[in-house]
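Two complexes come next, and they have one chain in common, chain A, joined by chain B in the first and chain C in the second.
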Partner chain A sequence: MGLPVTPLETVLLPERIVDALGLEGYGVLGEFVAGLLAAFLVANIMLIMTAVAGPWAKRKIRARFTDAIAVNRVGPFGLLIIVADAVRLLSKEIIIPEGVDRPAWELAPIIVALSALLGFAVIPMGSGIHVADPEVGAVFVFAVASLSSVGLVMGGYASNNKYSMLGGLRAVAQNIAYEIPLILIAVSVVVFAGTLRMSEIVAVQAEPLILVAGIAIPSWFAIVNPFAFFLFLIANLAEVGRNPFDTPEAPNEIIAGYQTEYSGVYFVLFYLGEFIHIFLGGAIIATFFLGGPAGPVLPGFVWFLIKIWAIFLLTQWARSAVPRVRIDQLLDIGWKGLLVLSFLNLILTALIVGVIAA
Partner chain B sequence: MSTLEHAPEGAVEVDPDEVVDRLGDRVIGRDEHVNAPAVIIRPDEVVDTLTVMRDEFGFDLLSCVTAEQFPDRYESIYHLKQYADPTTEFSIVVPTDRDHPQSQSAASVYETANWHEREAYDLIGIEYQDHPDLKRILLPDTWTGHPLTDDYNQDKPQVVAYEAHENPLLDHTEGAESDTILLNMGPHHPATHGVLHLKVTLDGEQVADVEPDIGYLHRCEEQMCQQGTYRHQIMPYPDRWDYASAGLINEWAYARAAEDLAEIEVPEYAQVIRTMGAELSRMAAHFLALGTFVLDVYGEFNALSMYAIRDREKVQKILEDLTGQRLMFNYLRLGGVAWDIPEPREEFFENVKKFTDEELPASMDEVHDLLTDNEIFQLRCVGTGVLEREVAKQYGAGGPVARASGIDTDLRRDDPYGIYDQLDWEVITDDAGDVYSRVLVRVREVEQSAKIVRQCVDLLEDWPEDEREIQSNVPRTLKPDPDRRVYRAVEGAKGELGIYIRADGTDKPGRFKIRSPCFCNLSTLPEMAEGEFIPDLIASLGSIDIILGEVDR
Partner chain C sequence: MNDWIAIGAFAMIALLIPVGMIVGSWLLRPSVPERDKRAPYESGEVPTGDTRVRFNIQYYMVALLFVVFDIETVLLFPWALVYVDAIEEVGLAHALLPMLAFVFILLLGLGWAWRNGAIEWARSPTADRRRTPKRTP
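Up next, the complex of A and B:
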């Protein structure tokens, strides 16, 4: 009858690992080892996706938009460029400029990469891949994602470079201006779902909304509240720093902003952090608005990947097509536009939910 | 509009005798240059004389300042023109003492004299009194000697002690109390379009002061031209000034000046080919300008810059078919062009027509869709980097920069050469003077150039086969009469590209001076950018469309 919905996974990944490896007898230690293995697995999935996205997919996607060809010399479809680029990037010299503020300078890229990875801990990815499901999952994911601002301002400030300084300040100004609307929109979803637990947010969206020609349309929040979905997409573009909101890097204005002075592995970490951030943004959007891993026929995890790659594609599309706004215009849009609209969205949602409840 | 119908508005008729009468005892002599009458004045009367010329005789454009050294004296020549009618020209010659070359600065009358006199001081060594900031402009501050003088020793190495460069910013440290920071933008920066250094003083994100520091790409072009023979050795150099595809226009600038100097006629057929080639060059140059500007405003991963390069490539292919070269064309010759349209002619014309009639309109629609109609783009560009009309005149701005500030000037129409006056096309102007209008003017000019190319193709297709004369009879060795002087300009892709040549009776020029449009346009940058944000500074710089090879020569 209706759209086949992947049944909600109640068993978390660490518990499965405990079962599979027979670690029940080891108590807390067994759970700890299983948790580490689960985190390792999820982190590696994300790193592999980044490795595909950074050196290869991004270039191919951009080439499609710009009438270019992009990598096609190394391996089939140029896929081996991933290996070549990894070797190239990792073997580059780390140049440490004079007068940088160590260890803040070294910690910054690690914080940026780490904060994005941490967020995936609470994301239900379907097919049983879900590391942890705390009651405050939604709060956790936004909290760790915004940690990256600390990394950016650390990098900008510690680099002893005026361009880095400007970039770091821009990054913080932008993240504050856009994180508040982002969270307010997420709150409207939470009000609707009545829970902060990620698995429950996904479960609520699995309920059929209406029947169209015999097919049940699930009550994904993107369908229930397209306005909030649209706002969230825009705020997310700013959050991950892509056009039209890529002012913190703005290579034509301030070289590369906070990452101007980074080379070698540190540069890789910054880039890694940025890409994982884009994927985390996609994962949050998928979980909050697109029913998480839900989808017909294919396994849940595949649907989850399709959704976050779709969001990745959207960021690359924006990057190819729209100009960058000026930093003051960017703050205007954030504080005077998005913030007001997201408050409006929140109040309306609260009213509607209140009426339904009454 | 063709020139024949164009009656210049606001142009003032000038009678040389009247000028001499009005200037009275400031005048110490008279001369006749090939392009204009000249008066020789006392070096302490420059400001008064130029003020009279500007205010009473309508010379609102100081085209160029040429400095020269002679065995017994130095000379500065102020080439005056009127924006409304650039054929009304006048030269003010200021001789100074050989031992103490000092003359009054014109910077208080024409803003554009500021940079030009700095260049004259740098290369020739004339000291301009009361100049606001007389220091070297093309060569480093530590340079000793003035390279275009006869007693300069080229073989002596320029040794600079390390101490002199140890910390060039030491004086700029403003202490903890200061509200501003000094930001060095360049010489290596993604948005400087070459090696340009901007000393930017920032108040937060706002630009409090910006000072362009040029000369990183100075290649002694004027001196090299002075060491080449008119007939063959100079023509390759112009390709290297505005090297971003505008080569044929540059070559025409030299050809026009030299042909007037040596009184060489050019066959009509060659003029048509020249006109077509120059407009193709202009299109390629404008496409590149558009592409790089889009990079500055959109960021580096956008589609439009690639589209612009793709279209430029099509023009480039046509130019390659015509000249055999992609960048350094070396196609024009004194008295004509190197060779005829390549065989098979029909195929060449088909290619050009396919581009102008089918491909270009489609890609122009795309440009208007993605760029000029884009709201975010308008948000960024409308009302920023404004250059007022009168300010633009003061700085001697030209080309799209001047036309976007509402100055209706175009040498192709006002001082016609080639066959421009027989064709149907328009001069594009806009009144706003902001970044947006400069881009818009450039985009529309591409369409006009395509119109000109199309008409040239029609003319060439119907040209009778036995009348295809590409080259007039020019002596193997050209020796123009000594002391003949000419200043001639063409409308370059960036504005008035002028060449001053003084013949000294040999087969090489006695003095060869290049008036670069980018040089004048770049000097307007502080007017556009001060008080704006950093992104506006970048957008303004991009909208000026500088080619550092032409700025620094």
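Up next, the complex of A and C:
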């Protein structure tokens, strides 16, 4: 008896919408409308995830780790705090500090939120929720995700605040130190998969690897190459700026880093962008290493959610349990540790795959 | 169906959501401007000096290295894509060794930068002056 693996979904969400609404006759315009609807659905799924994670789950998880009681007054399990916080944050005054660089200061939060959301365009979420599947999906998702550091440095520079400036510069230092290891590990996955198309990367991982007690273990790259998985987890923590790598916004050193001068809805957008970025990191890990939406019994989308929430839980665990590294240590870990190890991983992967294939 | 149309649509939605939130908040939020409220936050002190000064960003050399390695990853992706097929066509040695040589040259560069201290956190020239000298027993 093999582990039932969710079959590969080849029909993308916009195509289904075209079929369902009878938009075939409208050509490119119909496709665009279907794309808008699909994107709206996926973006809203991620907004709901963030709404649950930001004001509620994050506090609850942190409270469990630190033996405290978190939000429990408003609604069952304090869940209505989500509504209360949303209204509170959206109706706050925006204080525009003196000397801010106006267009840049306002564009920065939009860029951060946009870059994190756009990455989900190519992520296969299972149960047919997959907006687009271009040939270069894996490169696209990294390219889009790293756009957010432009927003961070823009916000940091435009704020006319010394803490913001330091935070923005730190964010750049961190992103350039951990971007390369992240992509090099992704290259080692591509060596295995032989494709950059996200749906095919997921499909390759559905192949059974070995049989253990009659159950086929799928060849998820986390199982095939746990070393790469481990490195990717660390590099991803740095990429989303969570402990031990949260130096860009280190609250007890530089107040709140690049978001010090942001209030009201702009702060919400930064916060939202960060959380969606964590989920995007989780989605990339799920797609590259954990077989995407594959899993037994439950539908694919549920498995996808379980996987990204597991990664979210990991970042919150790290946040509660691991001390922050200093900025110079952070660069040392990136350039002298992770970069060298990820090159080692790439070369070893290429050698092993080569020897097996030859 | 063209994937990039859907991605373009997604980009529009990803732009419209933040803008929509800003507009929604604009309808809700009050505006009570005061001069003191607008001062840059400096731990409650009166802000001193300009923020946009000449500033040692400490990792200038590292940023240069980043450009090199970033281009290198762009060159690695196509190789990784065709690697397994290339082994069947031209054999392991011809598929692997050129890329190994390429990576080796880059690693040599990294080692050189490492040895020269380019990836160390640069020390500001005033840091040594401020430090209390170590007393030798």
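Observations
Please note the rule applied: the second predicted complex is superposed on the first by the 358 of 358 C-alpha atoms of A that agree within 3 Å, B and C clash if a C-alpha of one lies under 4 Å from a C-alpha of the other, contacts with A are read in each partner's own complex, and residues count from 1 in each chain.
The rule we apply is simple: a residue touches a chain if its C-beta (ideal position, glycine included) is under 8 Å from a C-beta of that chain, and two chains touch if they have at least 3 such contacts.
None of the values given here were measured: they were computed from a predicted structure.
When both complexes are overlaid on chain A, the residue A:133 reaches chain C alone and has no touch with chain B. Comparing chain B with chain C, more residues of chain A are touched by C. By the touch criterion defined above, A:162 reaches both chain B and chain C. Residue contacts after overlaying the shared chain place A:285 against neither chain B nor chain C. Within the superposed three-chain model, A:201 lies out of touch with both chain B and chain C [touch as defined at top].
In the superposed model, A:350 makes contact with chain C only, not with chain B.
Looking at the shared chain after the overlay, A:49 reaches neither chain B nor chain C. In the superposed pair of complexes, A:327 makes contact with chain B and with chain C alike. In the superposed model, A:82 lies in contact with neither chain B nor chain C.
Legend: residue contacts after superposition of the two complexes on their common chain; A:238 is shown touching neither chain B nor chain C. Residues 162-163, 255, 327-328 of chain A lie in contact with chain B in one complex and with chain C in the other.
Across the complex, chain B meets chain A through its residues 181, 183, 189-191, 205, 295-303, 306-307, 310, 370, 374, 376-377, 379-380, 533-536, 538. Residue ranges on chain C touching chain A, taken from their complex, read 1-15, 17-19, 21-22, 24-26, 28-32, 37-43, 51-52, 55, 57-59, 62-63, 65-66, 69-70, 73, 76-77, 80-81, 83-85, 87-88, 91-92, 95-96, 99-100, 103, 107, 110, 114, 119-121.
For chain A in complex with chain C, the residues that touch the partner chain are 12, 14-15, 18, 28, 31-32, 34-36, 38-40, 42-43, 47, 90-99, 109-110, 113-114, 117-118, 120-122, 131-134, 139-140, 157, 159-165, 169, 172-173, 176-177, 179-180, 183-184, 187-188, 190-191, 194-196, 255, 260-261, 264-266, 268-269, 327-328, 331-332, 335-336, 339-340, 343, 346-347, 350-351, 353-355, 357-358. Contact residues on chain A toward chain B in their complex (touch as defined above): 62, 65-68, 162-163, 166, 243-244, 246-247, 250-255, 316, 319-329.
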